[in-house]
Amino acid sequence: MSSFVLTGARILGAAKTDIVITDGVVAEVAPGASAPGATRIDADGLVALPGLVDLHTHLREPGREDAETVESGSRAAALGGYTAVCAMANTDPVADTAGVVEQVYRLGRDAGLAHVQPIGAVTVGLAGERLAELGAMADSAAAVRIFSDDGHCVSDPRLMRRALEYVKAFDGVIAQHAEEPRLTAGAQMHEGEWSARLGLTGWPAVAEEAIIARDVLLAEHVGARLHICHVSTAGSVEILRWAKARGIRVTAEVTPHHLLLTDALAESYDPVFKVNPPLRTDADVAALRAALADGVVDVVATDHAPHTVEDKECEWPYARPGMLGLQTALPVVLHTMLDPALLDGGGEPGPARLDWDGVAERMSRRPARIAGLAGHGRDPAPGVPANLTLVDPAARVTVDGGEIASRSRNTPYAGRTLPGRVVATFLAGAPTVLDGKAQR
Amino acid sequence: MITHLLSAADLDRSTATLVLDTATEMATVAGREVKKLPTLRGRTVVNLFYEDSTRTRTSFEVAAKRLSADVINFSAKGSSVSKGESLKDTALTLQAMGADAVVIRHSASGAPHRLARWVDGSVVNAGDGTHEHPTQALLDAYTMRSRLGTLEGLRVAIVGDVLHSRVARSNVLLLATLGAKVTLVSPPTLLPVGVGAWPCAVSYDLDAVLGDVDVVMMLRVQRERMNDSYFPSAREYARRYGLDVARAARLPEHAIVMHPGPMNRGMEIAPEVADSARATIVEQVANGVSVRMAVLYLLLGGKS
Amino acid sequence: MTAPPAGLPEGRPDHDAANRLKSTEAADPGNHRPILTGSDLARITARIAHQILEKTRGATDTVLLGIPTRGVPLAARLADRIAAFEGVQVPVGTLDVTLYRDDLRLQRTRAVGPTDLPPGGIDGKRVILADDVLFSGRTVRAALDALNDLGRPSQVQLAVLVDRGHRQLPIRADYVGKNLPTSLAESVRVLLREVDGADAVLLAGPSEDTAPAAGGERR
């Protein structure tokens, strides 16, 4: 295998140094370090982060290859600085058997652009009626550890309790899509002033908060791990804060779009802003930023949800919910969360702040631990698998829907200028992205 | 001067007043032997109706024809609309046909806003989902002004299913713009969360409001709401929120009773009240044509 | 009305719409040269009233219809003079021709003015249209079309304060206050007390500030 020297890189924003990668691992980190025959990569001033890990990606394959494939989705991931993505189970057929999760796993391995870690469905066909073969998926080649009916809530409390208990046997975790379905029938957007004015059926915050409250209590009761997908409300943050203070083993993710966008965007009736859970209010955005900064919300996960043009260029109520996220997640997080001093003043002003180490913790290390991905989420250091990404913190990029690697175009950020540009990504020592371009 | 009519919020006070004043002139045409003006000769108005509404569609059709526009009715039945053609493709078709204005009725809130992005002509919202119905609000305001002389300071109660009512949304916005004082009266289940931000008052008690109004507008309540636990039974709804003879008797003498139609007689309004002299229900229909003539003229009567 | 959503500029409510629609030509006299004074106008109005009485044999079965804006006070003044001279009350009305104009698409939407016919109507009557300036003849053409939809007069006549020439249609006035030869580059402005606060007829040479305000009419 070939060798690379990344010169002048700043690991987690620290002083410039040189990183030598040989045979898939970081061989040496020191100024002036080198290796015979190594390809030299000018990383002068770029910030080196451990390769990003996404706990929540919809790759749409099998079933909706017109919207995304494992290959196109993992290319978008690599361009976004990701080296591992967890593929949600709501494919067609649903990833509720060892066969389907192994298929997705192999498609990811063949594409070779990111580690694709399948998530298994909790219930057969996501129907919420009986448990899928969770153990078989755990024992499969895909070694599934996260189980989720995402897109649907495991709303039956008894079934949820059983799922939480059952996966303890193989250190699994249930990732709950917290949405009480009886409170969100026909829901189109956050229930509040904007839904009242726009005449769109409301999705009340309590529908999320009630499930989170119930599930942290269930997790406590049975001593299980629980992960909450895409937390979107200030109330959810308060429940999570309480649960964590109580020692309940719960982790939570927030999406980039819930850190930046609000329900006011629905005024255009452009379904590119339709997502589930819906965009919330300014107060929710502020609470989520603060929670991500103080660790009540553990990680950023994209909920990358590609949809075809036909599913988005239509009337709002007929459109499918979801937004692209992989290629814009890091810039949005840098924009909303990174201390502006680290970005030449390019971020949004506000109290909730992270440094580069905080970004690495929430977008790489912690998600890797939650997903049980041993080779990922480790800072570049000798002997560590070379999964890393190089970011230019001085760059400003205007999002162009036409330049997205995903098969779909439903980015809510088109036209926005965001800080940070992923220059290179290395997956197990091989470049998947160089000079901002995918290598395969 | 004006491109589309998508929401009553798009009308500021002077523009809204201009529409009503223009409608007053248009109304004189209805009294003539020749009920036709040459004004929009050569212009094409498309009625794009995804929901059945003979009443509204006919009103727009008469309005457009009285102004000599060509009218094309593009209804969900017997067209590509029912064959699942997307709104965008339909929009491009209408565009190719040279539609100067598209009047759209759609069950999805916001469909007119989407359409307005895809066609060059003017888009008129003729009712979208549970969002708005601005020409209904204009004809209601016109009716109030003709009956009571002014809108400034007028006390208007809008009673019923506000949550699902596009008529209520447009009326609250337009009447507030024109200086009227609106009170929404409804069981709490049929008011939207977020109604507190609207420019109106809210009450759960019809009897407390009735003695002190100039206009009471009854909204249609669909019996199906009962099955969704918005209220326990049609009987209980009628008892608490229906305008029966006894309640109507407590209205101030000059107060008028309005209903956008179609009515559920015996549910939200008693037949005796609907047929009484203070009811404006038939006038509202006639005024609808004048107001829609005014809207079409103001949208299409100048340089495009 | 509006509104491509998301606050695009063209989606903003048009706050000045009504004002602009109702505005007439700017009051600033600019480089206008007075042609007729207030007392000239009084004499001219009296003369036209006499001519009407003469030509209509006492103004019987006659209706005066003013074309907005300044034709309306002109019609009222003529009726007033006729009443003063002969004690005859000629019914007066207003005929708005906006919806019959052939130039609607050339300008922003115009406000529609009131049309008020006198109680006796116009069927079988001699209708005298009153307007301030006769120029292209298109306004009068629109008025004839409007009359046609409103009833069937026995005869239609036209009274104007100023005929400035440049007809584009085969139309002439029956009563003319003053024939005023002009060049096309000039503009004529009639001021009437009821509308403008003073009585005068002004002629302006070719200059930018004679350009009509939106909604106003170049005469």
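Going in written order, the chains are labelled A, B and C, and every chain counts its residues from 1.
Criterion: a contact is a pair of C-beta atoms (placed from the backbone, for glycine too) under 8 Å apart; a residue touches a chain by one contact, two chains touch by 3 or more.
Note that this is a predicted model, so its numbers are computed, not measured.
A.B. asks: Max contacts between which two chains?
C.D. replies: Of all chain pairs, the one joined by the most C-beta contacts is B-C.
A.B. asks: Farthest chain from chain A, going by mean C-alpha coordinates, please.
C.D. replies: C
A.B. asks: Find the most central chain, measuring centrality by the gap between its CA centroid and the centroid of all protein CA atoms shown.
C.D. replies: The chain sitting closest to the overall C-alpha centre is B.
A.B. asks: Using mean CA coordinates as chain centres, what's the gap between chain A and chain B in Å?
C.D. replies: Whole-Å distance between the two chain centres: 45.
A.B. asks: With chain centres defined as C-alpha means, what is the inter-centre distance between chain B and chain C in Å?
C.D. replies: 37
A.B. asks: How many angstrom lie between the centres of chain A and chain C, each centre taken as the mean Cα position?
C.D. replies: Centre separation, chain A to chain C: 71 Å.
A.B. asks: What positions in chain B touch 2 or more of the other chains?
C.D. replies: Touching at least two other chains: 113.
A.B. asks: Which positions in chain A are in touch with at least two other chains?
C.D. replies: If we look for residues of chain A contacting two or more partner chains, we find 268-270.
A.B. asks: In chain C, what residues contact two or more other chains?
C.D. replies: Counting only residues that touch two or more other chains, chain C contributes 5.
A.B. asks: Please give the residue numbers of chain C that touch chain B in the complex, ascending.
C.D. replies: For chain C paired with chain B, touching residues are 1-5, 10-11, 13-21, 96, 99-100, 104-115, 145, 149-151.
A.B. asks: What residues of chain B sit close enough to touch chain C in their complex?
C.D. replies: 1-7, 10-12, 14-15, 17-18, 21-22, 24-26, 28, 32-34, 36-39, 67, 113, 116-117, 295, 297-299, 301-304
A.B. asks: Looking at the complex, which residues from chain A come into contact with chain B?
C.D. replies: The touching residues are 188, 191-202, 204, 268-270, 310, 313-318.
A.B. asks: Per the contact definition, I'd like the list of chain B residues that touch chain A in the complex.
C.D. replies: 86-88, 106, 108-111, 113-114, 128-132, 166, 169, 192-198
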